[in-house]
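Listed next: structures, encoded as structure tokens.
Here come two complexes built around subunit A, the first alongside subunit B, the second alongside subunit C.
Entry: the complex of A and B
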């Protein structure tokens, strides 16, 4: 009966090492370890200390205190510029009295984004309805001209709300386009799939900036008058096309990871083409492609700041305008930090949400 | 009626007819029909010329000229002016494609722009000198002292070309480092990445005031690398539209030369001292109609934004934080180079 002896539970108690011991074992095991740890620790402390000094202890807070900052330009950050001019960063050139609309519209869009994180909305019907309704409310609020709201043309949109608008419009337009592109790319007819592949590869080989330039500046000379539309919308279409081409390849990757048997089984069950795609292929393809999709959204959000080059007053340009005046010209860095923080908040929550989705969907698969 | 008068009348009628026909395909006609002027703004800010105040409204010399133009065309710029934010690179294509009607964006008059880009320039409204600013610690007194150093300059501007040409002509061996964005350029200079920066003098002066290590550590070198005349730009082949620009600028100088300001314009209009001023302010007809706008257009302009001195002082001159002396940009009577055209 050696078996019992072998399978008997081992009752050896591993002593839990306390914090001090763990730190010692990890960072101070050898002399070199200790030197490296101390050096980098000191460096990190020094960086954190100088940052804190600049951003908090020596900083000037409160609105309209530019003269205080000016007297001591070597000192800390001058957050006064943010307290005084934050409205420009958020709303750009939007008429001052109407800025509540711009703020409300952005909140609506934020609400839509939060709501679409709730699993109840995750159906092919609810999600598009939610986004389109939110987008419509956003547009009506921003543009006005209805319900007694003063009309504010796109020329005067700006700041964070314009960035949110461009991002949302590109996503809403680009996502369905990407699905269509991916399906065409996988078409059984070679001339369709080859043509689609050519289009996708062509657009992917062009830099985003040149596409935006082309749509903003060259298109009006090429298109007939009725098709020109506003510059903002031309750029959004161009950007959406760019987004769709990248996203199409991501979705195609997700589709190709599916076992062939899935689709064959669906065919054998007599499911129609759109049911096969809608219920079997796409949901699984999206699950496979989730990490790169989130990545693509993050990139798309960040690259909206390119529109400043073709003269839109997005959050980047507004930041420059906010510090670009005689009173605040010295506080450029503070303004860039503020704009950077805005981007960070958006992008970080997006990637955290992506991580949550991955965990959740992974549980579903098991 | 005498024959001569009759002839003059017929000729006049023919001229008016011609003017009206021409106006139909002029940008002037399109703007009047649309009821609003699309003027160039900025994607960010350009100190003193196009800035955004705390409430998100544009201000600056260029913006005031846009407002003057809109006020002249429509009586008031309120509701009749759209400032379209555009970048430096985009201003010419935007003008050609009709995104904007006119470029008022401190743009220098260069030969290639005038000829190859098919642009028409108005008379200059500002003379800008390109100069260099250097770290005082270098002890440089002229550009020649920067031999062997590095100069920071904005990419793709006429400044860059002028600086390169100047260095070549003077046999100064200095490296030119280009930057896309003004903030970046200034920071690179302040951080010591370059020994000097070449810029448009008003921008240099504005930047020096806010130097992080104090204005006294930077010197603006006296060498004038180039003088640039900044004008208003319209597409080539649109003489009617160009006329309006030229006469708008002339009106602002005329008002300054005759002491007409936004504050006293109503008084002077009520009791015009001379027949020409009477005509200028639209009390007697002729000053506007010949251009295809209303006769009181100059009055509306002055009433809203004031004469040229008021525009200058408010935005970059003595009443602004920049306090830039008027210098060569003053009227001829004050030692400058500007003067109004003759009103007859």
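Entry: the complex of A and C
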């Protein structure tokens, strides 16, 4: 064979530019490019350097008492506040000897979240079972009273595990409700769809804070005794309602993006209404509505902090409480950084997962 | 005298005040192939969509395989199971593989187990000559392939009747014949077919009867030879001359 690189154009390839060449082409192509690159590079270096100085080089670790840390302070952070008080942030007022339960419960929920990323669980049966089981285990661990576990009432829950609990409960309750709302909103019967629209629009135009207040404080006067329940649960129900109204409109948007032909084809095949909704309409509606749905979850996670106003100590309020003693009140920023980091880890993984889902669901499309 | 596969008597359809279908009378015998043609807006698509209740008729009778089409959901579902439909825009389910598209309805509406449904599906996919695409998604296929999958999907319900609503109108010209070939094969096997189409070659080759509609009425009907070579009605003549002219 005399086939060489010259005779076969497909095998001719340009020399790969090396790293230096690529950097030059990207950041130093023109004089202006070079000036901007240098200026921003310097700024970035300065910010990183200051941060490192504060957070690492000048910081105090390991001092177990506030006054020691305060005297040691030379402009850097005092991480001792985190290393001595982290339990309050994670577990709030939960009894010290029982805090392993709270930690384990949160890990279970985290495990459920990770498991639901696995495509095997993506069916209308497996996913709800997974979440309900995880939620039940979480609840039993947290609440106790069964299996020889000491009972810890909701009033004593707090910190990260309370945040996780509220978020999970609102999602589990709110999502099915949102689907029902969206379907009712689309009903062929004008009375049903108009009423649903009115309810959704009303609840959406109220501030979440006022809804939480109403459910926590006002509802006990209105509801019959058997329906009052704990304050925490009333707040969760109110929050779930709020979530459902927003999410219902997101799902409805996803449904409207579906071509009419999809439902017609399902009808023509003789599929019953519930099958058309469950197998054709909803899966595609959720796929269409994935970015706003992830967005809604992110907002919901962050707004759990509002429960502080009715006297619960979520992760945010616990952080404030942990650095609120006379001993540690100089280290508020460090505590906020720690709490902020916790939020960041959760929300960032949520949005990365959303991005993964989008890529994965996109494989079927062109 | 065998019972007709489809029977329409004095069937009327209104869109608000607009009279879309006027006193349609039509009988389709088992195994008969009917081609429906006519200018756009003549009501031909609306008519076959009335047969499986994608459109509701306001008066008159529609009977499919002995089941009267009324507001009873069981009757509607029964008729939809017996009458497969192929659409102009394929309407495959984009979030499912080709195979899942074909097995979904048999499993849910005919209560057939997955293994058997998949076996049947593969048979029909072979019949439309794309068994190798079974695990792809519709978006990865060409228009002609998608329409063949749509035909296979309808056949998987083992219907007695196939309804085709302009099955080649959305296809690129070079893909039309692969779809028509499948339809011809289906006709030769004795399937009862009602096709809304402008493929006159197909009509000549396959149809037992050609029906011409205009303004919501059946204007003329007859065997293909007679219909094409010696049309009686003025509108039919105009229509045919326009189609043949292109």
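Couple of notes before you dig in:
Operating definition for what follows: the second predicted complex is superposed on the first by the 320 of 366 C-alpha atoms of A that agree within 3 Å, B and C clash if a C-alpha of one lies under 4 Å from a C-alpha of the other, contacts with A are read in each partner's own complex, and residues count from 1 in each chain.
Note that a residue touches a chain if its C-beta (ideal position, glycine included) is under 8 Å from a C-beta of that chain, and two chains touch if they have at least 3 such contacts.
Here the structure is a predicted model, which means the values were calculated and not measured.
By the touch criterion defined above, A:102 lies against neither subunit B nor subunit C after alignment on the C-alpha atoms of chain A. In the superposed model, A:275 lies in contact with subunit C only, and not with subunit B.
By the document's definition of touching, of the two partners only subunit C reaches A:284; subunit B does not. Once chain A of one complex is fitted onto chain A of the other, the partner contacts of A:322 are limited to subunit B, with no touch recorded for subunit C.
Once chain A of one complex is fitted onto chain A of the other, the partner contacts of A:296 are absent, as it touches neither subunit B nor subunit C. In the superposition on chain A, A:264 makes contact with subunit C only, not with subunit B.
Applying the stated contact rule after C-alpha superposition, one finds that A:309 touches subunit B and leaves subunit C untouched.
A count of residues in subunit A touched by subunit B and by subunit C gives the higher number to B.
Annotation: subunit A has no residue touching subunit B in one complex and subunit C in the other. Residues 52-54, 77-78, 80-81, 83-85, 87, 89, 91-95, 97, 104-105, 108-109, 137-140, 150, 153-154, 157 of subunit C are the ones that touch subunit A when the two sit in their complex. Partner subunit A is touched in their complex by these residues of subunit B: 42-48, 51-58, 82-87, 89-90, 93-94, 96-99, 181, 183, 186-187, 206-207, 209-210, 212-214, 320-322.
Residue ranges on subunit A touching subunit C, taken from their complex, read 259, 261-262, 264-272, 275, 279-280, 283-284, 287, 361, 363-366.
Residues of subunit A that touch subunit B in their complex: 73-74, 84-85, 87-88, 91-96, 99, 153, 155-156, 158, 216-218, 220-221, 231, 308-313, 317, 320-327, 329-330, 332, 336.
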